[in-house]
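Order of writing sets the chain letters: A, B, C and D. Residues in each chain are counted from 1.
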Amino acid sequence: MQRIGVFVCWCGSNIAATVDVDAVVEAVKNEPGVCFAKNYQYMCSEAGQALIKDAIKEHNLTGIVVCSCSPRMHEATFRKTAEQAGLNPYMVEIANIREHCSWIHKDMKEATEKAVILARAAIAKVNLNAPLQAGESAVTKRALVIGGGIAGLQSAIDIADAGYPVDIVEKSPTIGGKMAQLDKTFPTLDCAACILTPKMVEAAQHPNITLYTYSEVEEVKGFVGNFNVKIKKKARFVDSTKCTGCAVCTAKCPSRKGGNEFNCNLDTRGAVYIPFAQAVPNVATIDTERCIHFKTGKCGICQKVCSAGAIDFEQKDEFIEEKYGAIVVATGFEILDVTKFDEFQYTKHPDVVTSLELERIMNAAGPTKGTLLRMSNKEHPHDIVFIQCVGSRGNTCRDKTYCSKICCMYTAKHAMLIREKYPDVNVHVFYIDVRTPGKNFDEFYRRAVEQYNVDYIKGMVGKVWEKENGRLAVQGVDLISNRRIMLETDMVVLAAAIQPSKGVRNIATMLTASIDTNDFLTEAHPKLRPVESPTAGVFLSGVCQGPKDIPETVSQAGAAAVKVVGLLAKDKLVTNPCTATPNELMCNGCSSCARVCPYGAIDYVEKEVNDHGKREVRRLATVNSALCQGCGACTVACPSGAMDLKGFSNRQIMAEVDAICR
Amino acid sequence: MQKTAGLIKKRALELLADGTVTKVLGWEEGDFIYDVTPAFFDKETIDSLVFSSFCGSNLSKYLIKACKEQTEGKILVFLKPCDTFSFNQLLTEHRIDREKVYVVGVECKGMLDIEKIKALGINGVTKVIDNGESLNIKTIYGEKTCERSEVLLEKCTTCKSKELVVFDEVLGEKAENENSQDRFAQVAALEAMTTEERYAFWQGELSKCIRCNACRNVCPACSCMKCVFDNIQSGVASKSNADTFEEKMFHIIRAFHVAGRCTDCGECSRVCPQGIPLHLLNRKFIKDINELYGDYQAGEEAGSRAPLVNFTFDDAEPSVIHERGNS
Amino acid sequence: MPINENKEWKPLIVAFCCNWCSYAGADLAGTSRLSYPAEVKIIKVPCSCRVNPMFILKAFERGADGVIMCGCHPGDCHYSTGNYYARRRMTMLFSMLDYLGIDRQRTRVEWVSAAEGQKFAAVMNDFAKTITELGENVKLGDLRCKKQQD
Amino acid sequence: MYYIEKAKLSELFSKIAENRSLYLPVKKNGQTNFAHWEEGTEYCDDLKTVKSAKDHFFPQTESLMHFKTEGKKIQINQDKIPDEKTVLFGVRGCDAKSFKILDSVFMSEPQDAFYTARRENSVVITTACSSPDEACFCGVFGVDPADPKADSDVVTWFAGDKLYWEAVSEKGEALTEEIKDVLSSSDEKEVEEEKARISEITKLLPLNNMSLSAFGGDKTDALFNAPQWDKLSEACLGCGSCTFVCPTCQCYDVRDYNGANGIQRYRCWDSCMFSDFTMMAHGTNRPTQKQRFRQRFMHKLVYFPANNNGEFSCVGCGRCVARCPISMNIAKVIKSFGGDK
């Protein structure tokens, strides 16, 4: 029989205002096993914890129940408290009488009754708890960064600087990510390439960093400290050790019809290509879908012109398997497909562009060599209309519900740059709200309005159509003057929402990291653990976690790196003691459990057992407790109930059911 | 039938004699023709090995224990087509050792049910002669006849297959599976009822349960070292049903535990002393699995992955239960 | 429990919630002060795949009027595949209960993420309403667990 | 000797049911079993009920007492001893004999209050077994299916279009007195003819001539280690169907059920064939199915007679022969020890 102490927290008035804490104490005193019960204002406070420790010692408690806030909040706190008083930390159960009771019920009688029942369930469970010992596992001192944009690069460089080897896996032929496509950055207006390319080079040359570009993560197994990752290095059909990046092949390639992704398909590139001049690695890649050789077996011009003999049509995908202790996800974002927003004529009129396309148009390496031109006739525009929140902050199925965060600032940047360079161009911005929280952000925006006379119109655009003169008509509302307005313009720029990269879902599944309904990766805690995923050993960097600008991305990348370094600095990790464990005498050896185990933690051995004096060799399941994460899938797959989960055993859960249904 | 019986005995003798097998698992004759008992035979006892239209019992489960005890040589087992599915399923679950068993598949045209004969009012049965189409029945009250098709075991009226899915050799003449009725017709009929009608039906049937555990103990899928219902630690252990809930609990959990593993051998219904149509529980799961997750026949292929230890990303949501049905 | 004259009958509802999504969703409902009936009592399990059909039947045995299981959305399972197995298991179990003539509305599965406090409260309100309308569960419970009338 | 026309049976039943609860064979869901008679219930003349009549005195489960906790105090409430006045109609001779065997278990000291009360409150009306089955062997245990006077209060015969009625005990006389209005007096001619007919049939029963010479209270040493048990038990599934349909099996388990109303202590049938029978902390004392199988038959044919003046604990009703999933039964056991000689 356990000796159980029950500690009821008032949480100030958070609990005590709705739950009669005295009544709860009285009610639980007669529960089986309970030999001490007390309430206190703040159990999590030093004094509250001291109260628990004293009670444990004084009453020789073997288990405690704390009726308080969610276990997600303070379970760890009270486990530590118990441990300090000499009690096994797994002899602690929390009855969640705040989030699940006092905060959602108003009637005191009702809430008190429920609190008593929740306490009873926790008591029933703790009656069956057994001390658990956490195991240990080694840490592989190597990190993997998925994504080679600014987020991934910064995390990798910081980890590498701390002395740990890092591998970056980037799916495209070069690192650099979206930032490489940007022209200038707000609010300082410095050139994106100027600040990014040194980082790219630094990563490439860092002795602790290995780049796997044009590569993808194929498979992730294992767990924190011990991930086994399979990386696919896609065939470039160019030997990167020989290629000098001279770009002769890319110039001579006769297949030139396909769009150039780097320039948002506003111009074209060859089938063999280097995405942009500063690409790292500066190595050509053959796009087999466009290459004449791959389609017809003929051509081969690139092979002929390559003096380094780097072209290799026979190259195969290569697979690399590597062990990592930690993984940083920095998969970034992409622009929302705006074809669904056809009231803005995006698919019909070339002068309707997204902001990223405008970024390329304004860039010296872009399709117009940096001159602002209408894409329809390559003429100088006189009026430009910006439409904000396209696909952001909406509530229809084509919209994202969230604010993409960066659009207000980059639109101000675009407007300002255009007015600076081409003072003759009139710039109008249709906005819902202008959001500028950030250092020097509001000043930047006000400069656009006040100094550059950008016409900000509060209101949304209803539709855009092409006029007979080839210009565009924009119909919108000005909510301030409360009138409909009609503008004639040469270009329309859509501030399209940003969304997580498509591949993130697949990566999240492989990593068993959770994603939210918008496919952003979920952090372990929105406030207190913002760069960790709930899956131990997986960290988040950049926009894959939520919209953010470059400085925020870089700081999060650094934070993620610190977390990784903190993890890799450990020699041993404490493993979750709530693992599955088979009862040898009951195991049938049927393999059902192994089939549902997501971690491959279950193996079979032929072992002699002594079944009440009868000795025989049986096929038995064994659980590798370092691999087991304690999901419990096996426990239900097992018909005999031989497989049980420590800390959440069949009996414990059924005892809770019994206690609740009483 | 007579001919097959002769072949079986001859073959058993040959295989024992040439050392292919060291013992034989078959059926032993009883006092009446219908009361054959599963038994192991050796050279000395093989004389009492029989095969008749009353050899409905599925011998595969006996191999679990027999394989454990078999140290040298093989065990000869006679399996009817439906029994071979159970054998495969046991192989899948590593309960038996293929290397230790010599499977002689026996073709089958459906086994007979003495209960059905008696239900026709034919009492005092001492002998049944199977003429292939009709039966000559000797009783202490005189001679009677009946059609073979009238008195097939329930499981044989809805035979799932006449294919032997695993064997080392085959004896007898292959039968056609032509008269078999739709295996899921009874389940569908129940599904078509209203909730209240279904409740009344099952309440009536399950309340007959005396918890003798014959269904469980005969079931080749119910081969746990220790059943949850016998395990006082499991929280659901029970003996005789003290409440109608316990009947339901036992039968639901039993059906759930064998879901996706049950080969539909029909033994549960055959052995139930209370005549509860237990196969209709298992078949409901089989029907659901086929409809929701694609056709799957447990035991058809050794090593296949059972539907409940499998999934696809776009499986039906549990709310599908709310969406279908008529009431 | 028969309707007591001076006390309105209230159902007993057991909710099994996975630790990572639905329990956190319930926490969020609490943090957001979104109320749902006190009849709903939550039992935390590591993952929806930990929910054994025996637990659900046990709850009914003990007099629960409705049982709901909540887990991460398919694809979001913390253990990557747990809820896929849970989905098949619960579909099968609920189908069997329906087949035995137990009102199918007494059992439910909902996927609630950690961000869906609102959904959690809405689901519980709706489920409690459904169960209240259905009334006491007399078909699947052990009579010995019925509270005696005094 | 009295009689009543078969056509007027329901009059007899309602007369009996005036003051007592009447139980008789009724066909439901395709099976005949003893059931409570109410106006409109159809009597089934198939006397071979699936379950035996013992259920009436020794039900499958039975609540014994309740415990309730109040704070840290415990309150114990004894369950009420049954006081229903009952009549069992249509009991076969073999089943009637089983009551005597159960009596020697439950009504010897310490007396079982529940069983004794039910037994004392009931009147047993046997019916001569007009169509014995091939699996019947009650003769082996001294039961006369044609005239089962020995263990009943009233014996009845169906003959021609009449039911003949003869009280053979004080209880039977008293019941006859109560319901005499619906009965008419008769001679015994038709009954004698029926008895003779039944006796002729019993001679044809293939199992009815088995010899029990190998068994008896003094045969433990001779039989316990006999090699036959291996073969006999090898196919046994370890289910309890034989025990649960057996009219003389009387083992039960006592269990506690922790429900909302406190704890119920109840007893339920148990079977020595079950692997968890008499399970103890260290395990079970009969770990193999052979041991369990041997126990059941040794008990019926050796241990029970040893303690009960040579009375065997089997009545030859044939239910186990009909119900065993693998057709292993007491008849085969008796024969394998030379009983067919």
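Please note the rule applied: a residue touches a chain if its C-beta (ideal position, glycine included) is under 8 Å from a C-beta of that chain, and two chains touch if they have at least 3 such contacts.
In this text the structure is predicted, and so the values were computed from the model without any measurement.
Closest to the protein's overall CA centre, chain by chain, comes C. Centroid analysis (C-alpha atoms only) places A farthest from subunit D. Looking at B-D alongside A-D, one finds more C-beta pairs in contact between the chains of B-D.
Chain geometry summary: the mean Cα position of subunit B and that of subunit D are 30 Å apart.
Here the CA centre of subunit A is 72 Å from the CA centre of subunit D. Computed from the mean C-alpha positions, the centre of subunit A lies at a distance of 52 Å from the centre of subunit B.
Each chain gets one centre point, the mean of its Cα atoms, and the points for subunit C and subunit D are 46 Å apart. Chain contacts: subunit A has residues 596, 637, 650, 654, 658, 661-662 touching two or more partner chains. Each of residues 53-54, 58, 62-63, 75, 81, 85, 89, 142, 144-145 in subunit C touches at least two other chains. Contact with two or more other chains is made by residues 228, 234-236, 242, 308-310 of subunit B. A complete topology is adopted by the chain contact network, contact being made between every pair of chains. Residues 62-63, 142, 144-148 of subunit C are the ones touching subunit D in the complex. Of all residues in subunit C, those touching subunit A in their complex are 12, 14, 20-21, 23-24, 26-27, 29-31, 33-36, 38, 41-47, 49-55, 58-59, 62-64, 72-73, 75-82, 85, 89, 113-115, 121, 145. Considering their complex, residues 28-31, 50-51, 60-61, 63, 131-135, 201, 204-207, 231, 234-235, 237-241, 243-245, 253, 255, 257, 266, 268-271, 274-276, 279, 321, 323, 325-329, 331-332, 335 of subunit D touch subunit B. Subunit B meets subunit C in the complex at residues 190-191, 195-203, 228, 234-236, 242-246, 248-249, 252-253, 255-256, 259, 281, 284-285, 288-289, 292-293, 307-313, 315-322, 325. Contacts from subunit B toward subunit A in the complex involve residues 68, 92-95, 223-228, 231, 233-236, 257-258, 305-306, 308-310.
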